[in-house]
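What follows is a pair of complexes built around chain A, which joins chain B in one and chain C in the other.
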Partner chain A sequence: MSLTLKKNITRPFIALFAGLLLAGILFTAAEAQNPTPTDNEVNAVAKQLYCPVCENISLDVCPTTACAQWRTLIREQLAEGKTAEEIKEYFVANYGDRVLSTPPTRGFNWLVYILPPLIFLGGVFLVYRVFRSMKTRKPEKPVVPPAEPVDLSQTDPYLAQIEAELEQHRKHGQ
Partner chain B sequence: MTSLPDEMNTQEHSRRLPTWVVGLAFAALVGFLVLVGLGLRRAQSGPITVGQNVPPFSLTTFGGETFNTADLSGKVIVVNFWASWCKPCEQEAFELEAAYQSYKDGGEVIFLGVDYVDTEPEALDFIKKFGLTYANGPDMRTKISQMFRIQGVPETYIIDREGKLAYVKKGPFLSTGEIQSVINQVLD
Partner chain C sequence: MVSNFGFGALAITLVVSIYGIFAAVYGARKNSLAWVESARKAMLLTFPLISLVALSIIYLLVTGDYQVQYVYNVTSSTMPIYLKVTALWGGQAGSLIFWSLLLSAFASAVTLRKWDRDREFLPWVIVVALVTLVFFVGMSLFFENPFVRFWQTAGGAEAVAMFRPAGATDLAPFDGRGLNPLLRHPGMIIHPPMLYLGFVSFVIPFAFAIAALVTGRTDDRWIRVTRRWTLVAWLFLSLGLLLGSRWAYDVLGWGGYWAWDPVEIAAFMPFLSGTAFLHSVMIQEKRGLFKRWNMVLIILTYSLVIFGTFLTRSGVLSSVHAFSQSAIGPLFFGYIGITFAVSLALLLHRWNALRSEGEMHSLLSREALFLLNNLLFMGILVVCFWGVLFPLISELFTGQKVTVGPPFYERSTGPLFAGLLLLMGVAPLSAWGHSTVKTLGKAMWKPFIVSLLVPVLAFALGVRAPMAFVAFWLCGFVALITLYEYYRGVAARHRKNGENVFLALWNLMGRNRRRYGGYIIHLGVVLIALGIIGIEMFQTETQGTIPPGGKMSLSGYTISFDKLDIFDTADGRNVARAVVSVERDGKALGQLYPRRDYYYDSQQPMTIPGVRSTMEDDLYVLLVDWEPISSTGVTFKVYHNPLVNWLWLGGFVFIFGTLVAAWPEKEPEPVRVSAVNRKTTSPGVQSAD
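Our next item is the complex of A and B:
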């Protein structure tokens, strides 16, 4: 076999091999960019959302067809590279705030976050004041000036009479 | 020199909370109660009943066209709530389309399909599957369904020419004739 013939046979094989290698590299790179999200990744987002059809069931455990569709949507959006926050925003825009497991921090919803700590702090403050006043409070007994011996017989005629009779009795007895 | 009861009163007074704190606490309490009251009032206000005016709303279709009911006065509006995941909705889909076809040329009846908590690809598949040609769009943030206080899908509300609710159907229509009969009554 001549050298030219060998070259003619080998070249297509090299080109084919190089082509396959390049295709493999490109496919791997594409896969690395958009990996298929795992169930755990999907459920991590789904857990933060609630099914608006069947109330009080989070999306990760909801068995309805609608929820299955939404989980598929989450998977697709994760594959597109969207973050959990972006996906949640999409769901809120489409289905309203009630799909969120926690109320969004805007409008009157702030009360949900502000009131409980405020009430708690107010309660702590009141308890502190009550304990402090109990500690510093002095006994509230009325202060009575020392009693002076009073000769009641001088004011009460009956006592005076008894005293006089007793005195008389004492004298007679002696 | 202050007497003993006066001193005690002064101490008692100093232990009390400042007036502005008490006032603020009362104001916060009253404000909170007002909010709770408004919330309860809103929650207890029932659905729109037959004969009541339907507040105007707008629906943007999957194709991007916007329908505002305020611009449709003088026409009968059929508002149908549906979803691709709803099996009973499939029962009436062909019938609704057939009814729409029978009124389309007259221009007196407008059909609005409101897609309730659905995903767009599945909704579009549903529309294609049943060949729906009337306006269909998603109920963004579930505003329209909340306004009507729907209990499920399918539900259909027919608004008369004066903008008042004329008819409510909970569940699927069983035939095209049933839909036409109701619409004709409202048209008359």
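Our next item is the complex of A and C:
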């Protein structure tokens, strides 16, 4: 009797335990399966990386077998729970800075970012100088069209015509 | 046999060209018309000569003489005949010959013009054209010979040489490797010739500029003579760039049209400096300013044209290693360096003669705004140039290869392009010589007010990104200003002459093609900008694997996979073609056929998208992968590209505008009549209010 009672009491416990265990297994299994990254997640990372073999093609669109393997690698690392930054670091460590879409901002690479603005500023300065010289040398004699801001391009065809006719005239004169 | 003939014709071309250079220089120095005439004949002779060279190559390509290395590299027996012919520009060696052919054609055409009023330019124009030709022909002859053949030496080894090595026998492969499948596309058949035409025709204005510097005739005659040549060069270059973008969109299969690839940038750079030049010469014509700067621009454009030619085909800039191994890399750089230095020396020699005649008087005058436009174009050029060169420099100094990819160019040129767009709207309203805030404000306040509706409309249509509002407003503002200019001109003619709207528009454009053609180009640029904004800011994508009957969704569209066919074609391809149904809001919109072509001869795959294209957006479906048995599933990548069609539409408008601006003027009417007409019919700014 007591035995059956015991049995009756322990059975639910066993069931509960087994249930919990099963749920736990299922849950961990689900968790392990969950991070199978989608193509879009893979592409989001691959987009930021450049194919180390083909020039200037980002990894998400490169059709070569090598790149397909690299995408698989990204997928595996995403599945391991690595972040996009970690995966990028992994690729840089293995294939060099060239896998990044732009040179990392350090050392010699600063040149690529600094030089164009410097040259552009130089250009701005030149243009500024031109404007300044214009301002300091205010016109002694009046400018050509001061009375009315007429668009001189209007008169151009006529100048051209005069020239053409003069030429014709010259030819006939010869 | 034909190879030897072509090679001989090439060698004779070189001799004739070198003779032409000496005859022209001697004739100019001694003031001898006979010598200059002889130089001109030499120039004219180069065209039939190089035509013979090109025809020899085409003959070899079409007959499939695979003993010739070039033929082996770019053709195969399964290729259709038109592709065999156009394989002339399918590889480096043939491209150089094609370049030379175009150059000699253009230069010959120029020497046939009437030279009455600028005879002193003729010998120097010939010199510049022929020096360029000698460089390219010499390159073909000594380094990139399209006629070298395979031989089997007595020892059994394989050799590549122009002439039979002692004791060697012919070695003709059974079939060629075939043209790169990416190049087997109608776009790729027209794109390189257009680009090359653009490149080559920029040599002509450069030749006149140098002639002006050498002869000391530094008025704006050289600009007036070459104005149309420059526009034509620009037209072809623009067409080349547009076709290239379209080809990339249709063939490369990554959902875009422009990847900031060094090859693209190489073609884009002469376009930038050429566009700056086109605007800047107007300042010289109208106001006598910036003569030195115009010289700098055309010299720069010439150098960039040579640089672009070199870069687009050789690929040697990809690494220091490739560069140092290739013979032509250092040669090209040497040539660019020398011509650049000589041109600059000539410019310095005439520095004082090129002093500005006028002065700038207003920050808002047209010439001041054009100067800003030049500054922005140069800014973009610097970014491009540095971006292309930096990986090489980095590798050279640090040994570390780096990628300078799209984010670099997009971030640094984006604001500059926006600035250009704004200037494009404002500058045409300002007057030469003098403008004030008041006159400018008066001309643009109405379009400005109306343009404020554009962001409101964008918001109503669901746009939320802040930058997009600015971008759309800018497009709207510029388009409205430009259209308003037309309206004012047409209204003025209508009022004064009683012409109906269409006649008034026709006459308005006819009377000042350059100006109104320019406005059409500007409208084209706005449309292009619209397309670029659409795809750059609003592109979305998704990728997934679906079984037959499965569905994928993106931006309101749903595609379902119907079936996959895999079959061989007669021209040596293995094709995998998927059938995909598209629907939106439950409404069927038809089928798309994305496919993957595998070329057996060159062993290369090619991904061709299925595209549903409307003015609102493109749905761009790629077949990425499939399981061997198609029932298990197929991977598709789908892009949604809003507004991208406006880019191509804008391209058409752009080209049309350039044609209007470059169209030859009619026989001029006598001045008396037009002077009277001018009083009564003058269109445009002053008569509008």
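Assume the second predicted complex is superposed on the first by the 108 of 174 C-alpha atoms of A that agree within 3 Å, B and C clash if a C-alpha of one lies under 4 Å from a C-alpha of the other, contacts with A are read in each partner's own complex, and residues count from 1 in each chain.
Here is the rule we use: contacts are C-beta pairs under 8 Å (C-beta built on N, C-alpha and C of every residue); 3 or more make two chains touch, one makes a residue touch a chain.
As the structure is a prediction and not an experimental result, all values here were calculated from the model.
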| item | value |
| --- | --- |
| Touched partner set for A:96, first chain B, second chain C, both or neither | both |
| Touched partner set for A:111, first chain B, second chain C, both or neither | both |
| Chain B versus chain C as contact partner of A:69, first or second or both or neither | first |
| Touching partner for A:81 - first (chain B), second (chain C), both, neither | neither |
| Touched partner set for A:53, first chain B, second chain C, both or neither | first |
| More chain A residues in contact [chain B versus chain C] | C |
| Doubly contacted residues of chain A, that is, touched by chain B and again by chain C | 96-98, 108, 111, 115, 143 |
| Partner chain B, residues of chain A touching it in the complex | 52-53, 64-66, 69-70, 72-73, 92-98, 108, 111, 115, 122, 129, 133, 140, 143 |
| Chain A partner contacts - residues on chain C that touch it in the complex | 116-117, 253-255, 259-262, 282, 285-286, 318, 358-361, 363, 368, 371-372, 375, 378-379, 382-383, 386-387, 390-391, 393-394, 397-398, 400-408, 412, 431-436, 439, 511-512, 514-515, 541-545, 605, 607, 635, 637, 665, 668-671, 674-675, 678, 682-686 |
| Residues of chain B touching chain A in the complex | 4, 8, 15, 17, 25, 32, 35, 83-85, 117-119, 122, 138, 140-143, 146 |
| Chain C partner contacts - residues on chain A that touch it in the complex | 38-40, 43, 50, 55-58, 61, 63, 96-103, 107-109, 111-112, 115-116, 119-120, 123-124, 127, 130-131, 134, 137, 139, 143-146, 148-154, 156-158, 160-162, 164-165, 167, 171 |
